[in-house]
């Protein structure tokens, strides 16, 4: 009893000091269970590989340089698309958000185009641009753009009118008000939009890489699927999961919290 | 009010395409899309594709929600267990959806099973994760209040944990369905011979842009209907009225 | 006749951050008569909320015993109503459904429990708000709901944990006067935790001063009722008792 309490205390203190422990430890029993099931022979090993097999493949692909190359391809595509989406989306959102008229005219159209969804554009994009980088980039930009525009508009509208009035009465021009008041006020929403957009964006990227398929993690997984190599598919999923966990939990969510909570603005989770 | 801007967009489309004499293999005219709609409605193929897609989404979503909510609540009841399990479910919920297509098609073969599995797991992990979060954000004092008013396990579940987690559950269903819907279209392009995604992808082989655009409009309208008529009103009726979390 | 008695009550728990056992309540003995209003005051960290949570059954106690009408307390139950500092109303239930929640669990039929709830809402002057949701009410109104929700369940003791600490000063005085009025009408047994000394004296028949997990002293309050602030503010006995208690708390 005492020993249990003592070790629990040690665990709690350790996680307090290094929070990453609390993230990693829960995965240990899962990997152990996976290992046991895979080794029990319940499923054929080729169909349901063990953690060791996946780790071995990981090192092999790292050594050959295939995994880093594909990962780099995927990330560059995602970042390019996201950057273009942000550069287009924020001004567009500010524009639409600062005029009641523009809002009324554009809102249904924005909702409709968001509802079509990125992947449904793929067939016509393939006709327009063929199998290539343009098609991929277009899909990512499309995915990232709409959440950013929609959230920027909401963010602009959430900025209290008195703030703009206060800035104006302190002598700020329209442009200054936009830059000093509206944009920072909308920032928490913009970041929420970016977070949502990237969440959809990397999924779209995987789908596009599967269908367009020349390189990238999605291509690797689907190529492995054609060859019936479960091990590489699972490796791809784990790499994606870890990568996205890090990006979402350690980069995007903290930024979202930092802007929203630091300034005491209302944002939800 | 909502329809007017969309009609204006259609008007622009109707003017621009003949004006610039756009090649129908690049972009179709309004008339040809309308014709494609009539043709596919007449021969029943449009509704066959819509039916197949909706059946997959409906089935995957129902199984996902029905299994995820009880699991999420069970895991969220104890603060220690929920904080232990949160990273796990977060991991699987960031992975949910499209990334499962390769392994799903390997396990289930191309077709119905694989697609429903992709939908199911997109909904399941996101809803379970959000339910878990929802239950663990119910203030302990509210659970204590119910207990001191005599609530047993069942009452605690139905009157406190379930309604308390509902805002997060609804958010989870909305996000999960968003992933699932995209996963559906992608999976149908890759792994089947019926459904809206398939309809689009096969039309590409013949440069039938009017069918592609028709499919995109149908996909957009269906999602708008699901989101605006089902999910948004549900959020409004509960969360906003109760003054709990408000989101966009 | 005594209703509630604490005998050598003790609470220790394991603090994972310190890695050792911590004692929050050393040795507390206290008897509460039926229909008595007892205020418990003390500086923060004196263990007063821990004691209330143990009586309510939210946390287990490590030593001694808590007897309610001679029966040992074990876990939360409807015989001990609790009013929380954070109100703890169910946001997804209307005011009426919040108040009728306790009777509903006891299996009282709908018409009857609604009648009970409306009667209590009337008592707190809240009849007009029956169909509103808690977040549509002010803090003061929410806590009125909190009080009658606990009372409507007809508990043997009412446990109040700094219930008026999060409302503004004006409202707090009104709520205190209302509470004494309701207490006079219904005569529930009340344990009232607070760190506000005038509040403790104003409300109670007896004030218990806690310090470092022990009972430091107790003072009887024989002020006449009904009590209203306009009268008591100038009352010599009230002032004397208040400063006496304040001195004990500050020396604690």
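The chains carry the letters A, B and C, assigned in the order they are written, with residues numbered from 1 in each.
Keep in mind that, in the parts below, a residue touches a chain if its C-beta (ideal position, glycine included) is under 8 Å from a C-beta of that chain, and two chains touch if they have at least 3 such contacts.
Being a predicted model, the structure only gives us computed values, none of them experimental.
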### Query
Where the centre means the average of the CA atoms, what chain is farthest from chain A?
C
### Task
Between A-C and B-C, name the chain pair that shares the greater number of C-beta pairs in contact.
B-C
#### Entry: Distance from chain B to chain A - Cα centre to Cα centre, in angstrom
17
### Query
How many Å are there between the centre of chain B and the centre of chain C, using C-alpha atoms for each centre?
48
## Note on the structure
Residue positions on chain B within touch of chain C in the complex are 139, 141-142, 144-152, 155, 159-160, 163-164, 166, 238, 241-244
### Task
State the interface residues of chain C toward chain A in the complex, per the touch definition above.
14-19
### chain B partner contacts - residues on chain C that touch it in the complex
56-58, 75-78, 80-82, 84, 86, 88-92, 101-102, 105-106, 133-136, 149-150, 153, 159
### Message
Under the definition above, what is the set of chain B residues touching chain A in their complex?
### Response
1-6, 8-9, 25-26, 83-88, 90-92, 94-95, 97-103, 105-107, 133, 168, 178-179, 181-183, 185-186, 189-190, 196-197, 200-201, 203-204, 207, 209, 212-213, 215-217, 219-221, 223-224, 227-228, 245-248
### Message
Applying the document's contact rule, which stretches of chain A touch chain B when the two form their complex?
### Response
22-27, 30, 47, 104-109, 111-113, 115-124, 126-128, 150-151, 154, 189, 192, 199-200, 203-204, 206-207, 210-211, 218, 221-222, 224-225, 228, 230, 233-234, 236-237, 240-242, 244-245, 248-249, 266, 268-269
